[in-house]
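Next up is a structure, given as structure tokens.
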Amino acid sequence: MTDAGVTATLDVPRDRSAWLGVVARQRELSLVAIMVVLGALVSIAAPQFLTVDNISQVAVLASIVAVAAVGEALVVITRNVDLSVEAMMGLVAYCVAVSLENHMFGAPGAILFGVGIGLVLGMINGFIVTILRVPAIVATLGTLSIFRGVDYLVAGSHQVPRSGLPPGFTDAAHNDIFGIPIFVFIAVVVVVVGSVLLRWTTFGRQFYAVGSNPEAAAILGIPSRLVVFVAFALCGLMAGIAGVMYVIEFGTINGTSAGGYTLQVVAAVVVGGVGIFGGTGTLAGAALGALFLGFIANALILIGLSQFWLQAIYGLVILVAVSADAYILRRLQRAASLNRSR
Amino acid sequence: MKIRTVGRGLALISVAAVVFAACSSSGGSTAPSTAPSAAASSGASAAAGAALKIGYLPKDIVNQYFAAAKTGIDKGAKESGSTVIQVGPNEPKADLQVPFIKDLTTQKVDSIIISADDKDAVAPDLKAAMAAGIKVVGFDSSPAVGAYNVFVNQVDFSGVGVNLADWACELAPNCTGDIAILSAAATATNQNAWIDLMKKTLSTDAKYKGLNLVDTVYGDDKPDVSTTQAQALLTKYPNLKVIVAPTTVGILAAAQVVSAAKKSDTVKVTGLGFPNDMKPFVKDGTSPVFGLWSVPDLGYLAEQVAAKLVSGEIKGTEGEQFSVKGLNGDKPYTIGKDGVVVLGPAFRFDKTNVDNFNF
Amino acid sequence: MTATPAVAAPPRAELNGISKRFAATQALDDVTLDLVAGEVHALVGENGAGKSTLVKILAGVHQPDSGTIALDGQATPINGPAHARALGIAVVHQEPRLFPDLTVAENVFIGHAPARRLGVLDWGATRRAAKALFAELDVRLDVGAPVRGLSMADQQLIEIAKSLSVEARVLILDEPTASLSAHEVERLFTIVRNLRARGVAILFVSHRLDEVFELCDRATVFRDGRHVITTSTSELTTADLVRHMVGRSVSLFPKVDTPIGDVFLEIEGLTREGVFRDVTFDVRHGEIVGLAGLVGAGRTEVARVLFGIDQRDAGEVRLDGAAVSFASPSAAMDGGVAYLPEDRHQEGLVLDFSIAQNVTLPIMPRLFPRFLVNAATERAVANDYTEQFNVKMTGVEQMVGALSGGNQQKVVLAKWLASRPRLLILDEPTRGIDIGAKVEVHRIVSELAASGLGIILISSDLPEVLAMSDRIIVLHEGRVTAEIARADATEERVMFAATGNLAADPVDTHD
Amino acid sequence: MSAAVGPFTEGRSWTRLLARWETLLLVALLVLIVLGNALSPFFLTSGNFGNLIAALMEVAIMALPMTLIIIAGEIDLSVESMAGLSSAILGFLWAAGVPMEVAIAVVLVVGVLGGLLNGLLVARGGLPSLVVTLGTLALFRGLALIILGPRGVSDFPPGFTEIGFGHVPGTDIPWPFVIFLALALILGVVLHRSWVGRQVYAIGKNTGAARFSGVRVARVKIGLFVLTGLIAAVAGVILTSRLSTSRADAGQGMTLTVVTVVLLGGVNIFGGSGTIPGVVLAVLVVAVMQNALRLAGVSVDVQSIALGLLLIVSVVIPTFAHQAKSAVDRVVGGRPPPADSVPRGERALS
């Protein structure tokens, strides 16, 4: 799928709207381009920026957000939103950590356990939205505090130290497969698999159909409710994976783990060019959005700008991204409508 | 420790509850692991009013630091036959802490033991509590002067500043090179105080002139943020020698990052941390030296002071003396200026002694 | 495509005694229709004649209250849109129902895209197939582009391609040419003809009589939800057809002749790029100026500019000699312009506001200068205007959503009169309301004119335009093609002008 | 989502009154008070009332303009950061020796400007408010951090701290509660008794019709965002005063509670319905619930679970009531099923 772009019929004179069309349809490319330029500039100020170590570090951290963002993107594409991501991640993270600490399972078992919990939580969201008919934003606002509450309840003041986890488990983050950190590998796999399903299966296309024009979808007999439910379930699943990755990366887990991730995840999705009104955007975009935010955070620190600036700059990035989308869309629609006059 | 295993057990029960019984709040009553004594004791206290009733209000009830302190408080409570109500927010936020003071006042507890998230934010309500005849004991992080009867300080602040400087000096090869600070939240009162004192020590004492403090970053006492910050430090300052983290969350994160990055032999980590957390890093040479006070003892002392204040044995006036058995080598404590009692010097942990501690 | 032309076979689709009632209105009353393979069957009638209801029933959107549908002789109830498609019934809707964010190719094949093993969609094949279809239609479309922003015409063609892709056995074209240019219409007709050659049964719903004669083999006329006649087009003249469509027993309420005042609104060379161009006419006090033309001819668009919703690219509008340009509806209202919009539910009314609240909404600031709403005043004002139009209601506190279409429309009128306009623009004021209400609306409108108000009446309902207007301005593809005085206005003249022909050659209408 | 559509659009009959969401809230409130008394002997003790609401004041105050915004079909997630920014600037200026009156004035201006930014981007730029205010949520917090950095400013003049902490003489009603009631009264009148309020409902119910009726939609929306920004700034001042300290992280996490309270008050997240009295009741319900649970020694985690459930249930009940009703209507015939009987999950966010 292409981003919220518009290209008029072939008989459009190739006017200035043409390049806009390209930009709009190739959000991924433009993000990468921006990152390259940004990277170049930063590395002038801070040479360490372009070192393999640094980049892989950024990528590793970003891939956690990226995986969660893929799940969020699935939901947003269907014209919904899931604000409970951070709570799901936190709960999963603690459950995994504590089960390992108490040798309930081996590493694989614990990972499955965590992902499973994520799936269940996601299904709860899906149930509340599609069966109980609660607007997604309200439902997930509610489950955000419910899941977090359960997390506190389960964790109490207990903190699982990294030493409590089986050695080797927590090193996984830094192992790599032919030079690619395993986390990045996971993120890429998630994005590729997800994109394939969205792009090349009928059911996948229905995600876009439901988000793009619910009425038409209904007339075509597309099972909107099922699609939305699945979207939320998968979002939970992704949050589960991200939660496990969180444990592996940070080791020290307590009831507050993963606090504040929802903002990052939604920001990544928006910056990645997934339209908040559904029907547009790609998983790759969302993942790149996550990477982009990670890069900015890292760059700020390296060029010696106090971390107090980070929040403000995140905010600006979101505003700029969404404004740019709207601007491009408007320009192209204008172009198309003018082209209509004969 | 006992608390921990209990915690885990409850945790596992509730985990099961999460997975199978989804999010029914009924789970709440069955697993009050955050406030083990809360529901029970408030009920009891309502019934048997005679017993000494102490409200324990940490910055937040998630941080294991305060859980450790509570073990000490409970120990003391058992001895002085008092009941403890633990209340508090999930996150260390001033505005979240205040309501609990009001509630404790309403519940007419005999004494409040508090670690103030923001010394001024809690002051008005604590004063109100004192006006209502409640003895207020500050510990760990002090409320504003005048808003407590006695403040039990874990350690002499300036002492910590010097300690941090010393350890950094000790770990930096012949006391020279770049060092950086990884602190808690930018607004954390204690850490900021210690950092200032450490900076002063570094700048004033010629002994430290070789040390070059390059940066101070904030990990918000969150493992993930701290980790990110620590990693950034390594990248940003290639010839960094020491990371000083005066926070239990920060030092752990920093140590993990350094040892994961296999830089344990070039970059050292020190600061304030739990022996249990740091043992592996003491052993692998990432963090040969760090410090902390006995947190349970801190809680224990706070409880004893509270009891003595209520019983009238002490008033909290400067110069008063009292002794607590098992603490300070059974030598008496003296209440200092502004009603401050100092637990004692910080412990210095290294491979020789770290295994003897368990908290 | 292997549809064997079945000539002697039973009709592809046969509807018998179909009736359908919506809340207040009887949309269809015991109508019959049969569609034969290899034939183009025209369905004509005015607005509200029941054409689109019938289409929706065939498409499975509505279920008939009574009557039977038989396909190839088999009685087959149509349970829903999906079922209809499965039965080989394809509908090209007037307003395309596409997915703006999906590509052209995908929209064409949504639901039945070519797939490889394991249900993996084969985009290559999809694109190729789509390209082929459009080649067949002689349309140049970038099948890889998203639909959003494509012109109505292009979307229309995508709908048609869609129906080709499912190899429909019954194809319904619901006013497909409404928004197509002459060239595109020709293109479409060629397509339809070779579909017919392939033995598809085609139902062609249209306003444009000339098209009916050009394209269709048989024609069925509906009027007020009833079946009037079905006959071969070769046995019909335009005049007959019009008589069948119009010749209704209920007479419209003709405008009472009132002295026409001076010009107070002058529109000169008004242009909005890509929508309409160089529109010039004027309106006098007490005059009703009909704005006729086919759907998409630019009538509503002109009104939107006059009311300040859209902005013009060129031209001038003068009110009482003073050039005006309204940046917003509220500005236009202050200028004394009122606009009764085409879409009652989306633009005319707040359905779950009470009648009183709807009536006073535009005039709140004026009505309550002291900021606070006085319920009594409000009710009084609402009562005045609603009684004037005798709206059937339990009281002005009643929710508008609970009223019948006709009464809702009266509320909209009341609402706009409450704003004391000098110029009243009515856009399809009687669409979808029953005859009784229609007559009343007409009475009200002509009274308003009599009271000296200048009125612009936009309507696709020719008899209405003819009966109500002092002058008729006819638009075709955004340009004025004729200005016809009441005296010599006939359906034919208007129709011819509206379909782009010169209004000079009036056909014989003496009967 | 809610049975309450505002005094104007509801019949006056008492049966309807019973069906109204506000009535349910009132019942819930009474039940909670009874429970609270059963749970803790201290619940009804004098002085507890003050405590009970004090904790929620900033949230309560910000919930009032948020009500109008959501009724108009938009949302403002940035309020908590605006409160934080206002606290930070206040502290910064005070520390820089600026007189308190001036500092407060500046803070209020900043609030207006922040609201204006949101309003322009949403109403003129036509951007989704959810995303815009998500951006400003981060932006305003960032500015607060940049301005105040790690320090916390205190030592405010006693007169100032009185605003947030003091009580009405002779009672235990905190001043902020008085401010809240006053604001509730004003905004209540504006929303339910003035034509501006009517326009707000119209925009929320049917923007198209409102626009075609000459309602200056963009202007109204901008006005609402400005109002929200201003009041968020006021909340920031009160918070600073109540805690007698100014910190860059002040108010963090409040938006969640604000929105929760508003929705709990029966405001439809998609706009068009909701009332100020409903929200005021919701504030009290939440305050009483939290206070009762705290006094009963129920730990905070259970509280946040309870709040979440409350929020979801508060939507589920009316939704199903509504569906039942419109189903009946359809059987009875006449009125077409209202547009919003579409599954909410499948509708666009506002």
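As written, the chain order gives the labels A, B, C and D, with residue 1 at the start of each chain.
Everything that follows uses one rule, which is that a contact is a pair of C-beta atoms (placed from the backbone, for glycine too) under 8 Å apart; a residue touches a chain by one contact, two chains touch by 3 or more.
Because the structure is a prediction, the values reported are computed rather than measured.
Separation of subunit B from subunit C in touch steps, taking the shortest path, is 2.
Of the two chain pairs examined here, A-D and C-D, it is A-D that is joined by more C-beta pairs in contact.
One finds 29 Å separating the Cα centroids of subunit A and subunit D.
Centre-to-centre separation of subunit C and subunit D, using mean CA positions: 44 Å. With centres set at the average Cα position, the gap from subunit B to subunit D is 36 Å.
In subunit B, the residues that touch at least two other chains are 23, 25, 28, 34, 61, 90-91, 186, 218. Contact with two or more other chains is made by residues 143, 146, 149-150, 152-153, 255, 308 of subunit A. Counting only residues that touch two or more partner chains, subunit C has none.
Only residues 40-42, 45, 47-48, 50-51, 54-55, 58, 145, 149-152, 154-155, 161, 165, 239, 242-245, 247-253, 290-291, 294-302, 304-306, 308-309 of subunit D touch subunit B when the two sit together in their complex.
Residue ranges on subunit C touching subunit A, taken from their complex, read 61, 80-82, 97-103, 106, 110-111, 113, 115, 119-121, 123, 140-142, 145-146, 148-151, 153-154, 181, 273-275, 277, 478. Those residues of subunit D whose C-beta lies close enough to touch subunit C in the complex are 5, 8-9, 11, 189, 193-199, 201-202, 205-206, 208-216, 272, 333-336, 338-339. Interface residues of subunit A facing subunit B in the complex, by the touch rule stated above, are 46, 48-49, 51, 53-54, 57, 61, 91, 94-95, 98-99, 101-102, 104, 116-117, 120, 124, 143, 146-147, 149-150, 152-159, 161-163, 171, 173-174, 246, 249-260, 297-298, 301-302, 304, 307-308. Looking at the complex, you find that subunit A touches subunit D at residues 78-81, 128-130, 132-139, 141-146, 148-153, 210, 214, 224-225, 228, 255, 263, 266-267, 270, 276-278, 306, 308-319, 322-323, 326.
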